[in-house]
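Chain nomenclature is as follows: A, B, C, D and E, assigned in order of appearance, with residue numbering initiated at 1 for each chain independently.
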Amino acid sequence: MNKVQIDEILNKVNGIKITHKRKTRIRVDVDADSLPTLLELIKGRASYIHLSAITCVDWIADNQFELVYHVWSYEEKCLISAHTRIDRGSEKNPAKYISVYDLFKPADFFERDIFEMYGVTFIGSPRMEKFILTEWNGVPPMLKDFDAEAYVQETFKWTDYNPDWLQELTDQGGGIAVKPEDIRTAGNTHNMSTHRERDKAKAAAVKANDKMQGWKQ
Amino acid sequence: MNSLVLLMVLPLFAAFIIPVVAKFSSKLALFTGPVVLCINLLLIMSAWVKVGSGAHAIFLGGFLPPVGIVFYIDHFSLLFSGLIASMVLIVWPWDAKESRLYSLYMLLSAASFGLALSADLFNLYVFYELLAVATYGIIAKQKNSSATAASLRYLFISSAGSVMLLLGIAIIYTLTGTLNIAHLATMTENLHGFAGLSAFALIAIGAGVKAEMFPVNSWVAEVYGTIPRQLSALLAGLISKLAVVLIIKMLLMVFQVQAAFDLLLVVGMLGVISGEMVAWRAKDMIRMLSFSSIAHLGVLFIALSIGGSKGLWLAIAIMLHHLLVKGGLFLMADRFSGHFDKLKGLAHHSPMSAAVFLVFILSLLGVPPLPGFWIKMALVMNLAELGGGLYYLAIGVILLATIIETAYMFNLVQTMYLKADADSTPLNKRYSASYTFAKLFALLLLVSMVFVSPISKRLKDIANHSANPQIYIHTVLPARYLGEKS
Amino acid sequence: MTLLDHLFIVVFSCLIAISVVRNLPIVDKLAPVLYGLILIMLVRMASVAYGGDAYLSSFSLDLLGFKMHWQFTALSWYFAIITLVAALASAVFMSGDWGRQYREGGGNYGMLQLALIVNVFSMILLLGSGDLLSLFIGWEFVSWASFLMMVLSPSKLAKKSAVKYIVYAMTGAMALMVAIVMIYAVNDSLEFEQISIVFAQMSGSSQVALVLLLFVAFAIKMGLLPFHLWQAVAYAETPGPGAAFLGAISSRMGMFTIVLVIVQFIGLGGLKSVGTSFANMQTLLAWVAALTTIIPTYIALQQHDAKRLLAWHGVGQGGYMLLGIIMFDSIGSAGGLMHVLNHASYQAALFMTVVAVMYRTGTSDLNKLGGLVTQMPLTFLVMLIGIIGLAGLPPMNGFVSKWLVYRSLLVNGQPLLFVAAVLGTLGTILSVYKLIHNTFLGQLRLEHQNVREVPWSMLVPMLGLSVIVFITGFMPGLILPWIASVQESVGLPVIAHHLGGIEYAKGGLDMIWVSGILFYGFGVGALIFYFLGGKSKRVHQYDNYAGGHFLTSDVRYHYSNNFYPGLMHLIGTWYRGSFQWLENSIVSVMSFFSVFFENIYRAKQPVMLLLIGVVLALLALYRNLGVGA
Amino acid sequence: MKKELKIKQKERTNPLAHVFDDFIRFCQSKSLFMLHYCTGCGAIELPPAMTSRFDMERLGIQPMVTPRQADILLITGYVSIKTLKRVILTYEQMQSPKYVIGICSCTVNGGMYWQSYATAKKLNEYMPVDVYIAGCMPRPEAVMAGLQRLKDNIRNDKKEHKGSAWKDYFKRYDYYLGNQQALFGEDWQTPTDIIAEAKLYGLETEETYGKHTKLLEKHQTPLLPQEMRIK
Amino acid sequence: MNALHLMAELIFMPLIAFIVGMMMVLMMRKISARLQRRIGPPFFQPLYDIVKLYGKDTQISHGLIHDIGIIMAVGGYIGAEILLPVPGMEGIAAKGGVITLSYFLMIPSLGMALGVGQCANPNGSIGISRALTAMLAYDIPFILVVFGAAWHYQSTSLIGMIEYQQVHQWGIVEMPLLAIAGLFALQGMLGKQPFEIYIAPAEIATGPMVEMSGKYMGGLFVMQTFQLYTAGVLYASLFLGGGTSFLTLLPKAFLVVALPMSIAFMFPRYKTEDVIRILWKWPVMLGLISLAFIL
């Protein structure tokens, strides 16, 4: 089935945007409520029978989640990734979307995983419950507004780390130049909002460390 | 001694008087039968004492033997007539509505007495027919359709049987010219040819109809199934035995030859196997009992085939034992009968009837202390002494029959002792004479268990006395006649 | 009035006493006392067991020309003492709390007591028989008595299996009657000596017939191979200690009669002379015995009901006894005879433990039990001693008799029989471990948390029997003189014995030394265990390694179903029907014939038969007249 | 330095006992049964340590399957909180003297997953660890060196007291239990009854009991073994 | 058999068995190491293991029967050692023949089975059911071998057999096939690699030994030493003429144990039913053929 035929099938869905990335990759953007019809269409008409994954992206800025359905066809040797955007919702009314379990059985696991990691409940999915993080009952951890490092800082106590072998080294005058805590606090990355500022702070700390090392050569 | 003729005359006379008496008062009609039977019983007892160890012949109408009718009185025939009187008294239908049934019963007893006593062939045949007619009448008395069908079938078979009996007698008459058994006994040599033996075969099968012999006993199950339990007790218990007596008289006096014995043996064995096999599948109490009685009569024939006084002694013992046990079982069936499943849990309702039933079965199977065991042991011992393959086959058949009997009898006992559930019929608890008589029979059985050796000695004497032809000939044919002949 | 008459009178009066008083509460006290009384009467006659001559009874019956008299030889005394001990133990077991529970459960307790005394009476009668007819009468009494015992349990299956038993028993009795008749027919006497005289005169084929008939009769009662189908189900379904009694001794009456009739009067020469030199009767019997040790044992391995398992072992162990006896040499026959006593002791004890477990937990299904060792330790101890005996391991008496049987197989050079016997033993060890593991070891179920030990009235007989098992194992010399006197009375070579065991030229057995060494080993092991190692902490059954999984009480992880999967893959397919087809074929043949005959009776044209007969007769007449005139 | 907690275990008085103890400690150092709990990526380093090139058996160390038979618990790699529950259960099922070796830096201080919400950072907060072998998968030589170090600690434990860290679990059980409850919640319990074990072997100190053990008692009735009872 | 001699035998026989057994265990582990091109454990490693296990401070027990099981296991083998004739100490061995000895070898496995049963661990129960099935498998050829030997030497006491062999040639010369069958059965008896399904570490966590800690595990290690020693000496006295002195007996015993060990570490593990199928097919056939020759 060449490109024209596949486009002709795909265009049956109104409001669809198709981009042929490679011979084996087609990206399709479609709005939320017409995605299930698209999946049904390509499964029925175009032998895209294997749903290999459902992934979710947290666009915190646009307050949206992006759900990507990767469907593979053995005959075509080609993968269609259907992108759609759903509203991110908030604490009070969490994000919701329709489940495709009746089309593809594996969807059960993918939806359960996204529910656990992002908090998106899929209506009609058989088991909307904890999957991997059975011990975790906090905020869905993959959300952008969840800061893992901050969580770690206040749950785990950083005791000072001076094992006896370090004791011997320091007695002989050696030891660690810059304590890991200094790097950590100096870097103080946890209230930096963007990556770039964090990297800049890290580089400064490293330069300070090299300077200290200098005296040893 | 001549008063013994009354035995046969009185019931005949009563049979015709009862309908007339019934016109005046039904109660009188009710009692005439039993009164007559009691008189007969008294006569028999007095004769028993008078006869002592000898024998006596009555020539009716003064005609001398080869011509006239002869009654032969000895312990053997008196024993049977006594049994007839008491059995008919026991099964007397007190609650019969119209008097014709009483006259039929009177007719029946008259015929039986005749069979037991008479000593010449033609007379035997007449009484045999009278007996058959009486039984048709009684069977047909039942109102339901299956009874009439059964009696019809019985009519066909027994009439064919009596035709064969008549044919046998005719052959003997043509061969010897006489019908008096004693006279026949003196000229046995020309009866031992092929014709003689075929005559014996015909007589045996003819009488066999009544004696439930193998080929001709298909009527047994239907008839016993439909007639009242008391009557089937009488028929199975006694009447069949009378037919066997007829065969015995012929066998002992005339046909003491190996071919006859073999015939009886084969027929007996077939009877045993067929009876047991079908009883094994029977799912209904009465059907099982009737087929079991066929089997036991088969054993009787096997015992007869031993021949001589030993054979006769065993036959008498088996007959008495079978009368007690089968008669008792049929009388018991009056209280509980019908399909086995309906008998579930019976032992819990009335342990007494179950115990009595058990005693009868154990004696039937031949469990040691009970008399059944000793009879079976003696039978098997005698058969073994005769040696020969056929006799060992007979032993095998008898013992196989015991095993099959154990199987189906104890299946029934097992259902009895199970827990009663919904569909088992409640016992008809109303008082019935036959149940008390059944208990009496059981008591008799247990008592006889203790006196096994004295009873067996008495039976041996009777057998020896009546089994040897010389005594018979001398009493029946006066010396004068004999003197001329030899 | 010899001692034997006293014995008969006492036993009969006990029968009357118990039948009168069976429904009153005092029967619980009276029954054991009566059995004790009979035991004392028996002990008074002990001289016969130490080489004395047989006791003749003054009773003798002469019925219908058959003379019957009674005598008590060493053989009968040996079996009688086993019967009485088993009866006493089951009576004591029955009369205590078990009886109360049986009564409340709707069982007919009085009848059970009566059945037990009837069994004892009939067995004493059989053991005391002096000639063939009294033997037959005793044999019938014993069959009917055990039928009475079996038919008492309310379940429908029990009644069906009881009826199946009585049919088998009657077949056996009839076979015996035919044999007796064959012997009587020759010279009109029923004495035991007649057997050998008649056997000598008989032609080859009738010899085979006589031996086969005798063997069939006794094999049915003992449950040897072709006729073993009835025994397991019937004994398993008998109520409570009745099963213990039947399992212990009832089927060994077959062994008594085999020794009495076949071994004593037909003897080795007779057996060897029957049939060709290679396949003579002795090898046939030996192979029946060998197969009987193997097949029922591996059927027992598959049972998941404890009583069924033990009953199947009863069948299997019967094979050992016959295997021992059939060797006809001193140690083999001693082994076979001793195995009767040994088996009676631990089989009764094991059945009682299973009944005790049923008394407390209500079920004997091995898949519904487990972990009862902490709740019922004494019952566990009795079962442990019992299974060591049943498996035939050293300290217990089972080992002595099995050693004797093996030793005789070794001396007679029978490799295949030797392997067959060992297969039987190993099968026993496997199934016996399954029994004790599934009931007492492993995970304790929630519903059995508050199960308690059985009351003393049930423990005393069990412990008594296990003491017997141990004592006769530790010092087999106690019962070897009985066996020596039995061998002497039956005409077998007598075994040389001393208190510890058996002297034998090429390697004897001294149980005192062997057990001594074993206990010394255990002592040293205990010494090492308790003194060299430190303290050990008792832990709960959920504190267990399960691959990091937290064990909770709702998960049932006790491994009991399909206990030997490997073995079952290999041999399971052979045993599926456990030889049920043997029985079904006979039944189908029978029903075929009965249908055939039934059609004859239903046939509508009997008159046709008659007419044919008449026509034939006419034909004969015509021919005759032609000739006669 | 934390103060030396006196344990109630009575010291054996007779001299022979000391000789005996030294011999046992020598044998303990010479024969160690290893249970490696392949939690993380470090486990791949152990097969080479066992096979012909490095041959752990030379040191007398054998791999064993069940914690009951094992002396050393090798925690190889990061320990997620879910796995930590099983690791603690396995540790408690092992019989002392038992030793824990943390391989890979993830057990030391969280390693490269130090900022992950799902992993336990310091192993010795939850159980006493004898030897750490740092390295983001240390080479087999390092593992062998670590094992050799452990053997030396055991052999001269009398002088340096570095070989009996396992007693610390009983001595400061409350501290460890507190850390565990912090992670798993208050109703955290394991089937092994550590308090009873401490009492039995006399290893309890005042720090064994505390706030957290009271919490434990509130949630779990200790599993008492069924004792044989005649009546 | 004066008391002193008796005491000596009672104490020294198990001790000798223990020491020689430990050397055999060492040899076994060295062979497996050498086959895997490893150096293998130091000389006293078995001693260290056993002392360490007995020296453990804490060990768990699941109940009295668990303890008694281990006592029966060790005690049973001690009894078996005393019955096994050793040069110079045959006093007690005369009391029990080879049949008694083969039964003595069954007691430890039953004792251990009871102990493991009480541990209420499914791995243990599965292991025990496989161990007993394996016992069923290897005991048939073993009994055949014993039968053949007893029949050939016309006596069941081991001492009689050894004297017979000192006079005539060795058993292996006269009954070669039986000796091979004996080796096959020995392979099964020692419970090593090809027939080791009941200790399958990965599948059922060392089967019966899953809940054995401290001195319990030590007891099983001691049992293993006795097992190797008994197998070696028994086979030697059956087929290799037993030794008049230790110098001749021990090399034979070590050779007898070394042979199956070197075979063992080449093989993976058979399934339970294959164990039975193989052990009932080949050694039994060999045994029967050789019996045909002897009888």
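Definition applied: a residue touches a chain if its C-beta (ideal position, glycine included) is under 8 Å from a C-beta of that chain, and two chains touch if they have at least 3 such contacts.
Since this is a predicted model, take the numbers as computed values, not measurements.
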Chains touching both chain B and chain E, listed by label: C
If a chain touches chain A and chain C alike, it appears here: D
Chain of greatest Cα-centre distance to chain B: A
Innermost chain by mean C-alpha position: C
B-C compared against C-E, more contacting pairs: C-E
Rounded Å distance between chain D and chain E, as computed from the means of their C-alpha atoms: 36
Distance from chain B to chain A - Cα centre to Cα centre, in angstrom: 106
Per-residue multi-chain contacts in chain E, two or more chains: 55-60, 62-63, 205, 210-211, 214
Residues of chain A engaged with two or more neighbouring chains: none
Multi-chain contact residues (two or more partners), chain C: 373-374, 444, 535, 537-539, 541, 543-545
Chain pairs in mutual contact under the definition given at the outset: A-D, B-C, C-D, C-E, D-E
Touching residues on chain A, where the partner in the complex is chain D: 133-136, 138, 141, 148-149, 151-152, 155-156, 159, 161, 163
Chain D to chain C touching residues, read off their complex: 66-68, 86, 89-90, 93, 190-193, 196-197, 200-201, 223-231
Touch list for chain D against partner chain E, complex: 23-24, 27-28, 30-32, 51-52, 55, 57-58, 60, 62, 64-66, 68-69, 71, 95-97, 197, 200-201, 225-226, 228
Residues of chain C touching chain E in the complex: 371, 373-374, 380, 384, 388, 391-394, 399, 403, 406-407, 410, 413, 415, 418-419, 422-423, 426-427, 429-430, 433-434, 436-437, 440-444, 506-510, 513-514, 517-518, 520-526, 528-529, 532-539, 541, 543-547, 557-560, 563-567, 569-570
Touching residues on chain E, where the partner in the complex is chain C: 10, 14, 54-63, 65, 67, 70-80, 82-83, 92, 95-97, 99-100, 103-104, 106-107, 110, 113-114, 117-123, 125-126, 128-130, 132-133, 135-136, 139-140, 143-144, 147-148, 150-151, 154-157, 160, 197, 205, 210-211, 214-216, 218-219, 222, 271-273, 275-277, 284, 288, 291, 295
